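In the two complexes that follow, subunit A is the common piece, with subunit B as its partner first and subunit C second.
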Partner chain A sequence: MSQPTIEGFGATPLDIRNRRNQKAIRLAFGAMTIMLIVPVVIILALLIARGYPALSWDFFTTHPVDNMTKGGILPALVGTLWLVGVALIASVPLGVAAAIYLSEYASDNFLTRLINLAIINLAGVPSIVHALFGLGAFVLFFEFGTSILAASLTLAVMTLPVVIVSTRETLQAVPQSFRLACWSLGATRWQTIRKVVLPNSISGILTGVILEVSRTVGETAPIMFTGAVFFTPHLPVGVLDQTMAMSLHLYSVSTQVTDVPEALPYGVALSLIGMVIVLNSASIAFRMHLRRTKKW
Partner chain B sequence: MKERALQSESSGGLEDRIDAAWIWDRIARVVIFAGGVSAIVLIVAIFVFVANEGLGFALFDLDKGQFFGSPNWRPTTEPEGEFGALALMAGTASVTGLAMLIAVPFSLGAAIYISEFATGRTREILKILIELLAAIPSVVWGFIGLTILNPLIIDMFNVPVGLTVLNAGLILGLMAAPIMTTIAEDALKAVPESYREAAEAMGASRWQVIRQVVLPSAKNGLVAAALLGVGRGFGETMAVLMASGHAVHMPTSPFDSVRALTATIAAELGETAQGSDHYRVLFTLGILLFLVTFVINLLADILVRKGGGKRS
Partner chain C sequence: MVASTVRTKLEVEDLEIRYGDHVALKGATFDVRENEIFGIIGPANSGKTSFVRSINRMDEMTPGMEVSGSLKFNGKDTSTWRNLYALRSRIGVVFPLPVGLPMSIYENVAFAARLRGLRSKAALDEVVERCLTRAALWDEVKDRLDSLGSLLSGGQQQRLTIARALSQDPELLLLDEFSIAVDPVTTMRIEDVLKELKKEMTIVLVTNLVQQARRLADRTAFFLQGEVVEVGNTKELFSGGAVDERTTHYIEGRFG
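Now for the complex of A and B:
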């Protein structure tokens, strides 16, 4: 790069030094960002390299055998699907209702501030405290016992903020003019929400739900004492059954079971992280697609 | 109401339909309001159910001096357990402290880079990567500490055990950093572009703009980001349980194994008889965790409200 040469407008030594400093500073911050990402990428590469040999069709379709030192992860996989499914049934309607209230009804008053504080705290309370709550409330007080129902409800409470926050953002992105147009035709508030606001934000809500699924899949502590068990030979058939789960299975095979072949826990970890990354990527891709095709 | 009065003059069929719509509107309002306050109901319920088991014990049966002053956690000794939680608190504090020492500077640096330097595609890709990192489940982080970091620490520092404060702190730092980066970046983004333009118009370099305009304006949001990181580290369970060595011990160096408050509940709750002192003291630890994270979240919220960033 040649410097401007017109007399009096050339780069002074100070300019040149400043420019060099700028470059160094930019580089330093870039390096910090890279150093945050690279170790994790290396770790993930290691997980893939060590876990890949364990993966096979049989791994996903057979039961664990010989004290969980051999065999597959079918019951954990099925159990996780049960837990996520039941948790969604409980949390999505509640979360969407809460988001509709915050976006369409609430004014900026004390109650709204209180609700927002409660949401932040629901998300911030340690997962093990959610586990204590699930044990005290769902397992013992409501007498669901250690069951899929109790574990799923605990997970639903814990991941509720994810649905609320993402749905609220989607609803608030619907232009106010849409609502005004609908109201001016004489529609009630609820008619406006059902016919205009929700149809225009349904895909955004779905993005948040996928994100919630991803969170639910990985949670371990909240289900340890509420419904997930170390080992059960049967697949669950109803919501009052106990079940195995992917996340707890990873904890079990890596800390509780002895004489596990090296590849097995890596295989479980890789499957779990694969599910989470795929779900999150789907959510991100979906969101970017929406942003690109948005009509307003 | 006025709308109804007008409608009542027109034909019967139309009036009925309006009435139905009006009734549905009322019903929806009630149902949605119930959903709206559900978060408050749930957070109160969490406190009530945890306090129900733990508060009575904390107030009447627990030796407070021992709880806060003794490092001896022997909940199963006969005839009465010893419930000194000092070593557990020190364990949590040391791991969280080390994690923040690592995560705070790096996430602040990354947030500055993404918000102030990176543009277009680079920024998009970095943001997506950070979001994906934040999604890795804590049990997988624990597994990484157990299987990858553990032998690495043993080899590098020539120590007998690798499941230590250092291990758990590193894991927790890597876990907390993406979240802190995201929140800090939000805070930096919330500084109006006109501030930067004004400073640049006066001849300030990019670094001068960041240091003297952007960072001071975003101060509250950045402190909130750090606080939320602390809250996250404080409450983390599975990763700390698996990576810290889980030994009741007052840490004196990063190479000591420790045990955290959260991990203690996770490891012992399954073995206790419901209603026993041991069972109830674990709920008391739960109250402590609840209150501390509540205060941290409240402080962060107040800071953000005072200006300098938005929360997601």
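Now for the complex of A and C:
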């Protein structure tokens, strides 16, 4: 009788195989993750090694001089902040409102599905197409000229699908039982959205905004024809001004200008990445602040 | 009988509920009287929950749910209520699974009152304490009203849900298997509260526990596969007075 008891604590061949498979799978996925990180690390290391010598306080606070071969990046830095800011002001309210409508109000019919399909497809449109659309619509038709307004609106149109889709996903992740509970208390849809749905999805919505910021900062094509210029000696003071932008400036100093010191383009690229990181960190800090004060 | 002097709260006539091709309830015809506890018993898939959802017009929110026939609340067909929010605010609902809204315990209970424009702190405090006490939860949470309602245990959340439903001062309270997530001792406490509450409101009690209907309900309906088999006085049904033998079989636990 004692034999089966002892056997009972031993690993069967199946147990051993399961354990071995588990280890192998874990190793495989871990390796994939590392492969994903490797290029990022290499790019960052290269940029820091080559670009760091170009960085200095003056680099961020002075205008480029001598046909861009010397001087700083101040107008491009300020210009990109303008572009991102105006694009956010245009796209976030619009995108969030559209997502709320699609997720909370619209009934599931043919038209809604068509709209959803259109939004997803819009996200796949190449940025150069958006650029030409912006040129036609904002620069020429609405007569904004090549300006921050036209460029930012183009960026906004381009990133709207990202905001809408990510916001809608977040809203739909809020359990339906919360809505049912609210509705059965006699709350209107809007009261339900404001008191329960939005407070529970605000951090997800901000994640979408972060994605949008990252994409907007780096885009070059949509702003080339609509508002960003190769060089201007003035800092923008209003939305109808033309401006320099980081992404276009990087393109210029890398390919359009001769006799540029080697460190300069790397310095611009490093600054561009640094800018994305700073803007994202700000959104993340804001998100954490919201979580702490709202505590859900 | 005194039935002629008793006012009816709900008049259900030939009610049919469908989800696409699936018929959840058909030909339901009965009354629910004011200030009674109306029990609904029946096995799974018998249309109990669908019936409850149709009372406060949740079909409007549920894709594919279609309701036909007539269901009158206070003598007025619910499909003709123009302001559904006004209808729903008069009807308290407790779902089988507890829903602690992701806000503080206090805010959970004060929510309905706030929706109706109550602003005074003292009045809100009064509502919160009264409702939590009635739902047998006050003593457990009175020192942490600011903590998150959704962090309570399942049974506590269910009592929070009941407190929230009571905070509406509903004319009609719908309890859909409220005791599923509540321990037996607390269930008994809540049952005692319900006996008190029926002086103020009408209660529809859907339950899987036949004995709970026996303890609480003045009248009981037996639902089976979308059919209302029988509606009768609870005492009569449970003392062998059921007309349909399926009712007797279910009550005696021979199936379902």
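Convention: the second predicted complex is superposed on the first by the 232 of 296 C-alpha atoms of A that agree within 3 Å, B and C clash if a C-alpha of one lies under 4 Å from a C-alpha of the other, contacts with A are read in each partner's own complex, and residues count from 1 in each chain.
Methods note: contacts are C-beta pairs under 8 Å (C-beta built on N, C-alpha and C of every residue); 3 or more make two chains touch, one makes a residue touch a chain.
Just so it is clear, the model here is predicted, and its values are computed rather than measured.
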(Q) Let me test your reading of the model: by the given contact rule, A:183 touches which partner, first (subunit B), second (subunit C), both or neither? (A) second
Q: May I ask you to decide whether A:200 touches subunit B, subunit C, both, or neither, giving the answer as first, second, both or neither?
A: second
(Q) Under the stated touch criterion, name the partner, subunit B or subunit C, that contacts more residues in subunit A. (A) B
Q: May I ask you to decide whether A:65 touches subunit B, subunit C, both, or neither, giving the answer as first, second, both or neither?
A: neither
Q. Which of the two partners, first being subunit B and second being subunit C, lies in contact with A:38: first, second, both, or neither?
A. neither
Q. In the superposed arrangement, which partner chain does A:22 touch: subunit B (first), subunit C (second), both, or neither?
A. first
Q: Identify the partner contact of A:191: answer first if only subunit B is touched, second if only subunit C is, both if each is, neither if none is.
A: both
Q) Which of the two partners, first being subunit B and second being subunit C, lies in contact with A:97: first, second, both, or neither? A) first
Q.
Contacts for A:108 in the overlay, against subunit B (first) and subunit C (second): which applies, first, second, both or neither?
A. second
Q: Across the two complexes, find the residues of subunit A that touch subunit B and also touch subunit C.
A: 186-188, 191
Q: Can you check the complex and tell me which residues of subunit A touch subunit C?
A: 107-108, 177-188, 191, 195-196, 199-200, 295-296
Q | Residues of subunit A that touch subunit B when the two form their complex | A | 18, 21-22, 25-26, 28-30, 32-33, 35-37, 39-40, 43, 46-47, 93-98, 100-102, 104-106, 111, 114-122, 124-133, 135-137, 140-141, 157, 160-161, 164-165, 169, 186-191, 193, 214-215, 217-221, 224-225, 247-248, 250-251, 254-255, 265-266, 269, 272-273, 276-277, 280-281, 284
Q) Where on subunit B does subunit A make contact in their complex? A) 3, 21-22, 24-25, 27-29, 31-40, 42-43, 45-46, 49-50, 52-53, 105-107, 109-110, 112-114, 116-118, 126, 128-133, 135-140, 142-144, 146-148, 174, 177-178, 181, 205-207, 228, 231-232, 234-238, 242, 262, 265-266, 269-270, 274, 282-283, 286, 289-290, 293-294, 296-298, 300-301, 311-312
**Q.** Residue numbers on subunit C that touch subunit A, as the complex places them
**A.** 56, 58, 61, 63, 85-93, 95, 97, 99, 101-103, 111-112, 115-116, 148, 150, 161, 164-165, 168
